[in-house]
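Below are structures written as structure tokens.
What follows is chain A paired twice: with chain B in the first complex and chain C in the second.
Coming up: the complex of A and B.
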């Protein structure tokens, strides 16, 4: 398999996506809905490139297009750049003020006055829902379809399944999801609406609140080994490190006590 | 699981859900096979004329599909409804062919006559008005569908007869 990317022959194995090949060879393709830890969903279309597998150039999304035969790939052609410019302009109407989009806009010469704003503070990348399904409590989903897609919990109510891990808040490229620890509780807000509210544990040693009160059984099960004893839920990680260090020092280093004179 | 109080309690009168009936649908009719989830949901909707939340929770438990996923499917397909629908359902096609033959005038007529908006249900729960895309009978446009019965070349008088019939009930 011979892959020519932007005029240079690059190393690739059959089945690798265009994005993987590009990254391995130092070619940058912008993405918004891609995360290496998650299955590609090709929601944002920003990674669109031109590919010619002998039947003329076609536009495909690099993040989920596997290369299986000889191909020429153009990651930054005129047509590709024009497409990306349009995508950025349209996404910006939904997400005014997003720094990430503004930066991309500068790169591709986007005209942000071209379309009327329709602010939804969400680019429908679906990362939050996908990461929630993968590592979280399967709390968030994309409800509806087409441009009406919104990030929602089941029945649009605060969810009972959330484990308050905050992965959604972390992954959102436009900071639409917020995780707030306040008054002994952690809240996950999606566009200002409460998706979940979970109590935080107070450390018995220092009194600091440090993590959500969780059903560890299920989490340990998911982690794969139900025999692993649950960590001490009452003490925060800092205190347990400090306490352990103190105990070790007591046990093993007594003999080195110098017994100062005077 | 994490204890959390629902932020906004939605209070609505939902029909009592019959779990024996759900069991029959889920386990007998479809062998509890999660791949047939959409068909199970259709059967549930057929019984209640919408998808009651307790029924979906039960479905989730029974076939081991996260409630969130079921909710996603329910909101994706226009044919599923999470709110109760009226006894009768009138669908007016506003696909291209029907639109060109003036189906929007029929929609306006219904809005005016029954004071119901597209997608909405009359207060007495007798009628739900739905505006749908091409129902696949463009040759006889405009088409209306009353309770799954197709009326080709429909016009205002077709609707008036329908209104008369349901008012007489």
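Coming up: the complex of A and C.
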């Protein structure tokens, strides 16, 4: 399989996506809805490139298009750049002030004055919903359709299933989802609406509040009877480390005391 | 009102068909029992006629026939059928064997029909159909241009059989083609026959059906056969009529497809807004299963095919193949972001053969009569016929079936009977919201309707919606209407479709309100081209067609809206007013009487005038003026 990317032959194995091949070969393709830990969703379409597999060039999304035969890929053609510019301009109307989009806008010569803003504070990349599903939180989904599509919890009420892991807040490229720990509680806010409110657990050792109750329960359940020792329930990571070190030291000295080792 | 329940229609003692030859034996038995020339009263009970009251008519008819004295004559059978297609004339009643066609029949007419026609043998003049250009009524169905100029092969049984009675369908040849497959053909032969027939998918894309079956059969795994009955284009009702009028043709087509690709599980994804279709299908499947024509060991062979009807939840986008399959799996109906064909990985990640209702309905005849017979209809590249839902500014609104490659002139004028109210034909819109407007009279009235030709002029075949537009149609408003539909129906996940449509709607709305700006046309073209090339699924990649095709063929209308702030067709209310031309006005006073807000004044036989401050631009005066004295300015 021979892949020519922007004029240069690049190394690729059959079945790799264009994005994977590009990254492995140092070619930058911009993305908004992509994350290596998640299945591609091809929602933002920013990674669209032109590919010619012998039947003329056509537009495909790099994140999920698998290369299986000889192809020429144009990652930055005029057609591609024109489309990306429009995507950035239109998404910016939803999310004015986003540094990420402003930087992309500079790269593609976007004119942010062309369309009236509608400030939804969300570019609808769907990353939060997908990471939530992946983690198993069952909390955030894409709800509604067409223009009305939003990120929402069931019935727009604070979810009782949220484990407050905070993955959604961490993955959001425009910082619309906020995670706030205060007064012994963790709150997840999506566009200002409370998606969940979960009690933080108090460390039995040092008394510090360190993690959401449900998150710990979930982790314990998942770790189950595997060989990895489950995290000490109710002990913060710091204390957990300190306790482990103390136990190791104790065992070490015990050996000397009983004289088991030569 | 009588709605046949599915259970009641399954006869007490069901005759199970034990071999393909047994089917033919049973069919002959049925034919000797039921004389095809026996008198019948056929009442159309399609959705359109039901809405006009046909269920009351059939009830009254049954009662009147039962109560009448027949004095040795054969008592006519009162029979309900699916949609006859001539919906604008409903409720329709056909009397056989005289082939009499009665239109707009009401309960009050029933007694007279029984007395005069059924007993007396005389037609009732006032119930007969009168073509728009003639004073003489037409008696027989076969003489009505709306029917006589069609080539009905898919619709052949609709309006003839009772969709809730499988025996009726069997006498008309249902399941004969399946019997032929099971007794004398192998799966390979069936696929070859379909390939040879050059049948192309009737859902809109026109992909060769045989090729699809062939690819599906080659992929290992549990294969599924799925019927796309999520017909959602505004104004289109081809599939609904088929499902409601001749469900067995679709079921048989699916069973043949399953036999060919090696599947024993099928689904019909039907939109929930078609309750009658769902009920007809469910009853048909139940009856066919009871007779051993579907289900386990069909006609005593080792071929089994289980069919289930699944209903959608009201999303237009679920007609897109991958969204349909997601929805069928119980997930949210959104198109899947995968570059893999559903014949390889579709429903439940298994090879799935998805065809449209009309495609499946074509299959039995292709198998039974052969590919060459099928190819005798249509053109070299588009074989067979196509069913269109003819609507809009045309005399005969309804369902029409014509050979592929028929000209628009034949459809609009020959079958459709032309444009009412002495208006001029302006455009024909095909392909639903993803299609485009074909301008007429330029040079396209004689364009052949086929997959390739329509694409050349910026429209598409689509599933078969055909909207006729007269000179009073504003093309900017038409494109705004379709974009508005799509804004609501886009699934919203991919940004070019969601944002692009929103922006196009915004621009079109401001143009129709007189706030269009210089450069808007170019901006619409830029966004439209982008949306059509960057979107994820078929909905998005054709969403801008209504805009792009109207800009291409009617740029002057856009310019008039933007530059002169005028709507030349008199549709966009902010951009025109009516004026009565004093020299043509005869002062008949009709407009004055019709005006709902008393904005028109004038003395008898003298020119009238409109008070612009009162006028609400409802069009009543304009529509009713017999002298074309009212002008759009």
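Going forward, the second predicted complex is superposed on the first by the 227 of 262 C-alpha atoms of A that agree within 3 Å, B and C clash if a C-alpha of one lies under 4 Å from a C-alpha of the other, contacts with A are read in each partner's own complex, and residues count from 1 in each chain.
In this text, a contact is a pair of C-beta atoms (placed from the backbone, for glycine too) under 8 Å apart; a residue touches a chain by one contact, two chains touch by 3 or more.
Owing to the predicted nature of the structure, the values given are computational and were not obtained by experimental measurement.
> Given the touch rule stated above, what does A:139 touch, chain B (first), chain C (second), both, or neither?
first
> Determine, under the contact definition given at the top, whether A:152 touches first (chain B), second (chain C), both, or neither.
In the superposed model, A:152 contacts chain B only, not chain C.
> Classify the contacts of A:253 with the two partner chains as first (chain B alone), second (chain C alone), both, or neither.
After superposing on A, A:253 lies clear of both chain B and chain C.
> Would you check which partner chain A:115 touches, where first means chain B only, second means chain C only, and both and neither mean what they say?
second
> Determine, under the contact definition given at the top, whether A:197 touches first (chain B), second (chain C), both, or neither.
Only chain B; A:197 stays clear of chain C.
> Do any residues of chain A touch both chain B and chain C, and if so, which are they?
141-142, 144-145
> Mind listing the chain C positions that touch chain A in their complex?
315, 317, 332, 334, 337-339, 487-496, 498-503, 506, 523, 526-527, 530, 533-536
> For a test of understanding, state which residues of chain A touch chain C in their complex under the given definition.
Interface residues on the chain A side: 40-46, 48, 59-61, 64-66, 79, 82-83, 86-87, 90-91, 93-94, 114-116, 123-124, 126, 141-142, 144-149.
> Where on chain A does chain B make contact in their complex?
133, 137-145, 152-155, 157-164, 193-194, 196-199, 212-215, 218
> Can you name the residues of chain B that touch chain A in the complex?
That would be residues 1-10, 53, 66-72, 75-76, 82 of chain B.
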